[in-house]
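Two complexes are shown next, each including subunit A; its partner changes from subunit B in the first to subunit C in the second.
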Partner chain A sequence: MNLDFLTPYGFWNPILWLLVIFVALLVAYLIWLRGNSRYKKGTEQTKPFLSGYAPESKEAMMVSASNIYWGFTSTLKGYYNFLRKMHTGDIRDYLGWYVGIVAIMLILYILWGGA
Partner chain B sequence: MLTGAFEVIWYIAASFLISLFAIPFGLLTKGIDRKLAAHMQWRVGPPVWQPFWDVKKLFQKETIVPEDAISWLYNAAPILCLASTVTILLYIPLGPFPPILEGHGDVILILYLLTIPSLAMVAGGFASSSPFASVGAQREMVLMMSYEFPLAATVIALVWKISSLYPQEAAFSLTAFARHPIWNIMGPFGIVGAIVLLIVLLLVTTGEITKVPFDIAEAETEIAEGVFVEYSGRNLGLFYLADAVKTVVMSALIVAIFFPYNLSPLLTPNISIPSWGWAIVDFLFFLLKLEIVIFFCMTFIRVSVARFRVDQVVKVYWGYLTLASLLALILIALDVML
Partner chain C sequence: MIWEFLANNSPALIIAIPLIAAFATSLISRVSTRARNIWVILALVLTEIFVIILLYQVFNFGTKVYVFGASSYNLTLPPDSGGIPIRIIFVVDAMSIFMAFTASTVALAGVIYSISCENEQTGQDKYYTLLLLMTVGMLGMMLTGDLFNFFVFLEINSLASAALVAYRVDRGIAVEAAFKYAIISSLGGLMVLFAIGILYGQYDALNMAMVAYRMQATGFSNLDKIAMALLTVTLAMKAGAIPMHFWVPDGYGKAPGAISAMLVTTTYASLYGLFRMCFTVFGLAANTVTLGWFLIILGVLSMFVGVTMALVQHDIKRLMAYHSVSQTGYMLLGVGVGLATLGTTAFNQYGLAAMEGGIFHLINNSMYKGLLFLTAGAIIYRIGTSDLDKMGGLGHSMKYTMIFFMIGALAIAGIPPFNGFASKLLIYESVYQFNPILSIIAMIVSILTLASFVKVFHSAFMGPKRYDVKEVPLPMLVGMGILTFFIILFGLFPNIAMQYLVTPAATALSDPVGYITRVLGGGSL
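So, the complex of A and B:
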């Protein structure tokens, strides 16, 4: 039985991928088992490395969700500001965009699409 | 054609065999990279076998799990990272040998599979419960989002050309690239476009393997190895192995797309050796090509420039390299139309 997923251009077989990733996980696990598993629980060595900074609460030490894409959003600030302006919260604006885009797509479809 | 149970046994055996090839070769590649980088900086450098001793040492050291870490995820991340990296090699041709999973996965699948090792690093970083690791994991995500577009644009531009000339081919298959090397099918515009795409892919590779100037997720001097700050012993050893294998994977992908040539067709009329001998010659030639690609996308770049800031990395990938890949796409489109 052929279990490959086919499109007009691409193809892949998820069952075979699951098989090989399972074998690879086994190989990696066997290598991992060869290592030293010991350490001194509950001592200074299990404290997170803070490079001399004073310890803070767990929440304060993590990157907050709003900053998770920082770097990306800050570089593309112009693009995100443009998008933010479009999100007015007014349903009439959203409906206007929806109707406008559908109209453009219909025109494109009539001009170039179909048979 | 392999069938049934024999086919399954072959794939299981091949997964073991590919690990036996990729891990030692990846470590040797790291050793060669360090040696060459040292020579370029007028240093003697460590012996090429040093990465093997580094891994041996890491496996003998304690494997510390931080007290606030999510231990199962913290320990699973390096295992998943290595395993997912090794499996990608099963979809890529290795010199004279076609991909082991030929016909069962295309180049789009490879692009998706390449995200799994990075996601494993992100998961491990966040599971560490360390501020430096969290920042490193956040940066790794930003890096991953940044190089995806130029990487996809590169592949799609080349596939477009192949599919326009050979509509009957499965254009996204890497064996199609081997059958129709892009330098043989491009016109003048296409050649220029392909050179631009090669440069883009070399720079994407530097980001994929998180090396200078795109090593923002580790950045020793800023965030003390970032994602790996809490990792030690065998866990760090597995990440080290995964990094070595990923270097092989990315260079093998570049060779498969841009340089799928073998020596045997050129030399067969003049030299007579058995076919298995040619297979060895072609495989050694493939390894040489890998080393040359690694030299340009890793060694040469990392000794030449300093690390970019996070926003600069995004600007390079989403700005300059995306524009370059779209320009190359236009050149290839002109090549198809003219």
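So, the complex of A and C:
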């Protein structure tokens, strides 16, 4: 069976890709083997380091999901404000959008819908 | 002899088995819980077997018709019918059976998963009855060639789905989500029925092939345009396309894990309906460029708005629901490009490849999005919250769930060698030839998808151990494993999916004349 997956511009062979990745991982492993071997589990080395401060709680050790892309969402504040206004959670608004799209498509189909 | 009988009647059996099983579930529940569980799994295994038998038949012998109540199962135009296919006819082409295979596989994985996930809930007999009815609705929508029958299955599907969204009645918000879903579905169903009424009034037929044939013969009227607007917009809403997607995060977010996975294929039953209407029913008479651009615009909006909304969610299931909207956008984009180029030289150059990409993405997304919802369900099952802010460190104790999540997340982000990459590659390359900007948007959406799932992975599985929990039970892992198998199979060997499922489906969908000819026997009336 031909494993080449043909696309409009060329082909894709996942097995070949896996082989390349395997070789790359092997190289990475060999480099890792040459690294510092003084790592010891369960010692001070493995504790989280927060600029010298002791973590207050387990929760405080992680950036919470709500804050992970804070920079991205702050930059796009205007866009997100618009989206939040759109998502009211009110079923009447849901139906309003539907009726609006039906109306728009009706006009577009009447103008350009025929073959 | 018996095998021939079963094979010939497989379209009816695919519906009959889960339907009968659904109504018998409550009775068998009285015997024992174990018997009920075996019964439900057996019903869906049998359904899957008949889907595979039918898939084999369609792949080898072409589109299969099944006439209910006729003297012969393939007699679409009896001598005394006046040239009209009066009976309910299932028309199973490669697109229909492709969809049925997707839906039945996810349903089977979902029900195995539910055995453990729902074993401490009350009302399980109702849960499984509704789950089987939901499967009946989906499969019926995919196999039928009759407009009114399509509406009936759409309603079965909607009612069962809404009831299952509200399954955790102890949580008021689940009931609210189900109420919204029911309202949206009721209005949608009503509009579909209205549109079917318009078509029936004009063409005196409910069979899709007959309606398409007569529509082309008599010309495309303004009433047809009204019916087209109602059908396409309603089915786009049921498929969760933006800006009519609002019910998706509500419904998916509050349903039990396995039901969220099945809701993905439920929305794709509507997406299939949308494609079927655009290509088969209206494809010969309407302006396919307008219809194609309708799908493309909805697709681009869904992709971008869906993923950017997902990025800011901190409820794992709402986040995944927005991704579902976003991934539907890829399918709309791919198939939309195919529709916009239908009948031109561009169709053979890249339009068909775009359609193949969109259709391939449909089965891929059903598998990995189904898997992701099951992993989300597994997390909620163990720690009792869907809030990512309250999660962390689950990778220490839920290693298999974490591996399944990683596979699903990498697949949805289009990272090779998983299945999402293969279908996205087809979409990127073919859509680029149609309009490079659309392709670039699709790639940006993929990057944002990866960013979003990195967030989920970090929040749920990384970090210090916060919960003293253990791995989920075996049936839940088996359910996730079934979907993972297809993700890896279609990722490593995309040619298998392309050769046996996707290319025949895209070819069948883009050939409305072939569909009509198969039902009307050469179109001679």
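Please note the rule applied: the second predicted complex is superposed on the first by the 78 of 115 C-alpha atoms of A that agree within 3 Å, B and C clash if a C-alpha of one lies under 4 Å from a C-alpha of the other, contacts with A are read in each partner's own complex, and residues count from 1 in each chain.
The rule is simple: a contact is a pair of C-beta atoms (placed from the backbone, for glycine too) under 8 Å apart; a residue touches a chain by one contact, two chains touch by 3 or more.
This structure is a prediction, so every number in the text was calculated from the model and none was measured.
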What is the contact status of A:106 with respect to subunit B (first) and subunit C (second): first, second, both, or neither? second
Applying the touch criterion given at the start, work out whether A:81 contacts subunit B, subunit C, both or neither, answering first, second, both or neither. neither
Just subunit B (first), just subunit C (second), both, or neither: which does A:34 touch? first
Which holds for A:61: it touches subunit B only (first), subunit C only (second), both, or neither? both
Looking at A:12 after the superposition, I want to know if it touches subunit B, subunit C, both of them or none. Which is it: first, second, both, neither? both
So in the superposed three-chain picture, is A:91 touching just subunit B, just subunit C, both, or none of them (first/second/both/neither)? second
Answer with first, second, both or neither: which of subunit B and subunit C does A:24 touch in the superposed model? first
Determine, under the contact definition given at the top, whether A:51 touches first (subunit B), second (subunit C), both, or neither. first
Output the subunit A positions appearing in both contact lists, the one against subunit B and the one against subunit C. 4, 9, 12, 17, 48, 58, 61-63, 68-69, 72, 76
Which positions of subunit B touch subunit A when the two form their complex? 8, 11-12, 14-16, 19, 58-68, 75, 78-80, 82-84, 86-87, 90, 101, 103-106, 108-109, 126, 128-132, 134-135, 137-139, 141-142, 145-146, 159, 163, 170-173, 216, 224, 229-230, 233-235, 237-238, 241, 310-311, 313-315, 318
So, in the complex, the side of subunit A touching subunit B is made of residues 4, 9-13, 16-17, 19-21, 23-25, 27-29, 31-32, 34-42, 45-51, 53, 58, 61-63, 67-72, 74-76
Tell me, which parts of subunit A touch subunit C in their complex? 1-5, 7-9, 12, 14-15, 17-18, 48, 58-59, 61-66, 68-69, 72-73, 76, 79-80, 83, 86-87, 89, 91, 93-95, 97-98, 101-102, 105-106, 108-110, 112-115
Would you tell me which residues of subunit C are touching subunit A in their complex? 179-180, 183-184, 187-188, 191, 220, 222, 225-226, 228-230, 232-234, 236-237, 243-244, 246-247, 250, 284-291, 294, 305, 308-309, 311-312, 314, 349-350, 353, 388-389, 391-393, 416-417, 421-422, 425-426, 429-430, 433, 451, 455-456, 458-459, 462-466, 491-495, 498
